[in-house]
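Look for chain A in each of the two complexes below; its partner is chain B in the first and chain C in the second.
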Partner chain A sequence: MGLPAAWRYHWNVDLLGRAALRVNRWLAQRRGDAGWNSQVLAPPLRVSAWNKELIARHYLAGRYANGYRKVAWVTSGAPVELLKALDFYVLYPENHAALCGAGRVVVEIASEAEDAGFSRDLCSYARTDIGTVLSGKTPVGRLPRPDLLMACTNICQTVLYWYRVLAHHFRIPLILIDTPFIYTEATDHAIAYVRRQLEEAVEVAEEVAGKPLRMERLREVGRLSQRASELWMEIMERCRHRPSPISVFDQFIQMAPVVEMRGEPETVDFYAAMLREVDERIARGIGVVKEEKRRLLWDNLPIWYRLRYLAEFLGQHGAAIVASTYTNAWGELARMIDPDRPFESMARTYMHPILNRGTGEKLALMRRMVEEYKLDGVILHSDRSCKPYSIGQIDQRDRLIREVGVPALLLEADHNDPRAFSEEQVATRLSAFLEVLGLA
Partner chain B sequence: MKPAVTIPRRSEVVRNHRQAGGAIAAVLPIHYPRALLRAFGFLPVEVWGPPQVDTSYGAAHLQPYVCSVVRNGLSFLRSGGLDVADLLVVPHACDALQGLGSILLDFIRPRQPVLPLYLPRGRRESDLDFLAEEFRAASQRLSEITGRVPSEAELLACIVREEEADRLLAELHRRRTELPMSDLAFYRLVRSREYLPAERFAGLAEEALAQAGDPRADGVPILLSGILPEPMALFEALEEMGGQVVADDLACCGRRLYPPGSDPDPFRRMAQRILNGPPDPTRGSPIEERLAHLLRLAEQSGARGAVFYDVKFCEPELFDLPDLRRELTKAGLPSVAIETDLNDPLSHQTLTRLEAFLEMVEGARGKGQEV
Partner chain C sequence: MTQALGIDVGAATTKMVAVDGEGRLLWHWLEETEPRIEEQVARFLAAAREALGPLDGVPLIATGYGRRLIHQATRRVTEITCHALGIYRELGHGGTLVDIGGQDSKAIRIGPDGSVVDFVMNDKCAAGTGRFLENTARRLGVGLEEMGQVALAATDEVTISSTCTVFAESEVVSLIAHGVGVPAILRGLHRALVQRVVAMVRTVGLEPPLMLSGGVVRNPAVCRMLEEETGHPVLLPRHPQLMGAYGAALLALAETGRRGDGENTG
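On to the complex of A and B.
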């Protein structure tokens, strides 16, 4: 660690940056403009301004991290607690890509990857990230160069191919945590395999970090991770209330900290504040859709570049999407985390995300959510860029209609690439679906 | 050029095996323990698509952005093409095959038992231990299905038989230009390993190798990479254009030249063989390893260009392509990338691109250009 780098980091991130972003948040809260102002939707959550501040500070810290802190790039399902406990600055390329998606700069950035030969049939998160790596283009100023990569296959195999490209580009170590897919039940040998990889990962991470892992610190990070995930789950469960205080669009926007800042005290504080605000909405009878008539479930990743369009299109007909298998994934495993047995519980927890479980398990989850959240219909986003999430949806949809008795719509799009989104077609399909729901 | 050996047809082999009281395991791509299936009396018959099936059966369950190997495999199953099989084996090679295995188990529930197999994505000691345990678990499941419990000696005998067949397969690859057969005939022979019992394949391989003569140099020597060479008319077309396939890095062929194992434990030995096979993106091989392997293949075979012949939507292949092609070019090996769908005939566009590529390679004489 160089002194100038440390000075630069503290000056820009801890002093100037922190102060400027805090003022910005205060102003945004006063103006009430940290979110969408819509005729059909509730006003934006007040914590949105805090969320913006957290994300901005996270990327600001990244901008000055090289030379001061070791940097790891990780997949969204990676056991980040290990790296946090070793004080890595952790960047999630998927989150960065989503941010590019929401900011509608994906086509420009992904084109850089496509021009270099990466097929448009590849995951649009990966193309966005590789585009940024190749061109330096990003809406957050600059991404730090990684010292270490960690890919966990619990969300897809795509991340492994993608991170091999990154490892080849940066010529740095890639820690692979391979989590065997659970077709029916997690076998003992699969759990033992994941645990062993986690233990072996420590040595590599310690070497890059230049310091040993302290178990007490790992337990502390685990506790903070667990608490943030529990709070996140509680917030989502509040959507069982009718009218729902927030929608999945709020969840998509507010989920960034639980994904990329898990294990940090401020993330816990943030979700505690969000829960209070959500409870306040319930107490005051505020629903996210001003006239909630039907309640829906969303399956798969968001369509980042059309969040507002979808929220308002549905909202003006009285449809609120109040639950999602995707946002649920960041909370449902909180109970599996045991900070006092970090390696064993991490092995189990990180094997069990919904994307690493069978298609029948996802159907069972959707059935449960339909019942618990009292839902009237399901929208399954058939996401060109996410095969593991999307394969099985045709059968899941058929069974939801036939066996559960709820209308279900398969909506073709892509989570990050607007070139795979046809607004006209989507509007036609949504209108027909709303008609089935009795909302047209 | 006449075929140097007579290769029995797949349907005939399957029929004969069943008539002799054997069972059939339909196996999806790519890597799996043949010896384990044989030890339980199953003849593994691989399902790479197949091409040209009615895909509407698969479309009832899979989105259009799922590759045709998986879509056709499911279509073939749903249209009754795999009725002859007593078991379906679905190795985990990618997200699409993972999804197929999962919907077979959860929703489609075919008449036959479905055996998924997870393959680790590294070559670490932990990967070897896991894969050996995965095979042990598969063995238990096969015991439940068949009621048989083969002894360790029986399993080892099957392994040795497969190792001998694979040794001969590697020998065929190594001496391919010495064999008096066209590329098409060569690939029909080596791909018969996809359904022939090891001992029958070994006999054919020995017969072919006995006819080896002086190496032939029939055209512009190229290296073929990708998943599978379908339609097989590709080889005739290449030959007509003046090309000759002198080495391959195909998932169904060259990436499965497994070396013999050495571990005394049969499960570890089977795992060792698969993990020690040539680099393969579906097993997580780093790009550097793949690159070194391709360059080695080109050097040993004299290939002057590489054709990446990939199935559309195949992520493991598509991610590696830009780096591989750029660095092969730097090393003086020009390449062309072609995407195909198993249900498409060889398009005029593909033929034109291949022809232009061969002409360029012939003209460039190893200067190294990307096409």
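On to the complex of A and C.
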């Protein structure tokens, strides 16, 4: 650890940055709803300003991390608790890519990867990340150079090859956690297999971190992780209320901390505050869509560059998307975490993301959601980039229509690449779907 | 007397329909869609006034890709809902409607009460549309009107493997260079188009009877092959190209009844 680097980090992140971002949040909260221009949607939650502060501070810390803290880049489904307990600064390239998507800079950044020979058929998150790595382009200033990579195959197989590219580029170690696919249930030997990999990963991570893993610290991180995920689940379940206090579009925005800052105390505080605000909305009868007439389910990743457009389009007709299989994924596994048996429970938990289970499991989840959230229709985003999430959607759609009796629409787009989004076609399909729902 | 109007601004053609108080088709007009749609629609309305008399207070609903450009419309509704309404009124029952337009095709499952149960539209590709046949007919030097007959009369059939309209053209050129006869190629082209459409029908699930609308209906080979590929007879409306505009007019009429008066068409 270099002294100048530590000094720079404390000065820029802990003192100046923290103060400036806090003032910024305070000003934003004081401004409140002034400037909110939607006729059909409720203004963003007050905690949004806190969320922005958290994210800004996270990337600011990343900017000054090299030389002071060890940096790990991880996939969204990686067992991050191990690295947090070793005090790594953890960066999620997928979250960074989503941020680029929402900021509409993906085409410019992904083109850098495409020009280097990466196919446009490759996941747009991967292309965005590799584009940033190759060009340095990012809306957050600068990404820290990683000292360690951790990829877990519980979300897709693309991460395996993507992270090998990163390992080759940065010439650093890559920890790979291979999670066997669960068709119906996780077998004991599969859990033991993942557990052994986690134990082996500790040795590599300790060596890079330059310090040993303390079990008490790991248990503490596990508890914080679990608490944040539980609160997140509770917040989502509040959307069973009619009218729904928040929409899935709010969830897409507010989910960043539970993904990339899981295991930190402030993340728990943030979601506790969010839950209070959501309850306040319910108590005051505020719905996210001013006149909620129909309630919908969203399947697959968001379309990051068109969140507001879609929310407004649907909101104008009185349709609110109140549940999604995607945001649910960061809450539904909270009950599996057992901080007192960290390795055993991590192995089990990280094998169970929805993308690592059979497509029938997702159908069962959607059926359950339709019933529990009293939903009138389902929009399945067929995501060109995310094949594991999109596979099976044609059958799932068919069975939702025939067996559950809800109208369902397959909407073709891409979560991050606007070149795969055709506004006219999307608008016609959505309009026709709303007409089917009786919202002409 | 004209009670309601419907206009369907498609990618290839624009259609306008007038109905009486009973929803009977009184008048229609069809032209190729021009780049300046607003001017074209003004001309359509002038033609309607000339044929039908003053149209003050007659409601107009617009549908089709250009529906948002029709500022004279009282409301805009998608072609899915309009086609379903039009065909339901015309044939009197639900079922599965396939509409193959110039640059767009769709399959709509219609319930026994005329409501839309499910629909799919072709995406990002013209190979399931009329444009596919139009392009390749030009390449083969066969008239659009006769190509269906030629395909049906063919004794051989080749497989066209390209799933893209533009690449299918290159494939056709290559087949000609290999000495394959034009009728066999044409038959293969029709088969490729119909198989794409049938894939859409399977997605919504074929609930008989099978109905067909759109400009491609004028091509007898498409109807015949659709029957062959699905094993179901195909029912055709009297005016296959007008179903969207007719449905729009019927919807406008229904809303007049509900409101008791119409808004001004101008």
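Note that in this section the second predicted complex is superposed on the first by the 435 of 440 C-alpha atoms of A that agree within 3 Å, B and C clash if a C-alpha of one lies under 4 Å from a C-alpha of the other, contacts with A are read in each partner's own complex, and residues count from 1 in each chain.
As a convention for this text, contacts are C-beta pairs under 8 Å (C-beta built on N, C-alpha and C of every residue); 3 or more make two chains touch, one makes a residue touch a chain.
Quick caveat: nothing in here was measured; it's all calculated off a predicted structure.
**Student:** Answer with first, second, both or neither: which of chain B and chain C does A:436 touch in the superposed model?
**Tutor:** second
**Student:** Which holds for A:158: it touches chain B only (first), chain C only (second), both, or neither?
**Tutor:** Only chain B; A:158 stays clear of chain C.
**Student:** Look at A:399 in the shared chain and tell me whether it touches chain B only, chain C only, both, or neither; answer first, second, both or neither.
**Tutor:** first
**Student:** Of chain B and chain C, which one touches more residues of chain A?
**Tutor:** Residues of chain A touched, chain B against chain C: more for B.
**Student:** By the touch definition at the top of the document, which applies to A:39: first (chain B), second (chain C), both, or neither?
**Tutor:** The answer is neither, since A:39 touches no partner chain.
**Student:** After lining up the shared chain so the two structures overlap, which partner does A:126 touch, if you call chain B first and chain C second: first, second, both or neither?
**Tutor:** After superposition on chain A, A:126 lies in contact with chain B alone.
**Student:** Considering only the contact definition stated at the top, list the common interface residues of chain A for chain B and chain C.
**Tutor:** On chain A, the overlap between the chain B and chain C contacts is residues 394, 412.
**Student:** So in the complex, the part of chain C that touches chain A is made up of which residues?
**Tutor:** 65, 75, 77-81, 115-121, 123-124, 203, 205
**Student:** Okay, in this complex, where on chain A does chain C touch?
**Tutor:** Of all residues in chain A, those touching chain C are 394, 398, 401-402, 407, 410, 412, 422, 424-425, 428-429, 431-432, 435-436, 440.
**Student:** For the complex, which residues does chain A have touching chain B?
**Tutor:** 116-119, 121-123, 126, 153, 156-158, 160-162, 164-165, 167-169, 174, 176, 178, 180-181, 183-184, 187, 189-190, 192-193, 196-197, 200, 358-361, 363, 382, 384, 387-388, 390-395, 399, 412
**Student:** Give every residue of chain B touching chain A within the complex, in rising order.
**Tutor:** These residues of chain B touch chain A: 60-63, 65-66, 92, 94-96, 98-103, 105-108, 116, 118, 120-122, 124, 126-127, 129-130, 133-134, 136-137, 281-282, 284, 286-288, 312-313, 315-316, 318-323, 325-326, 337, 339.
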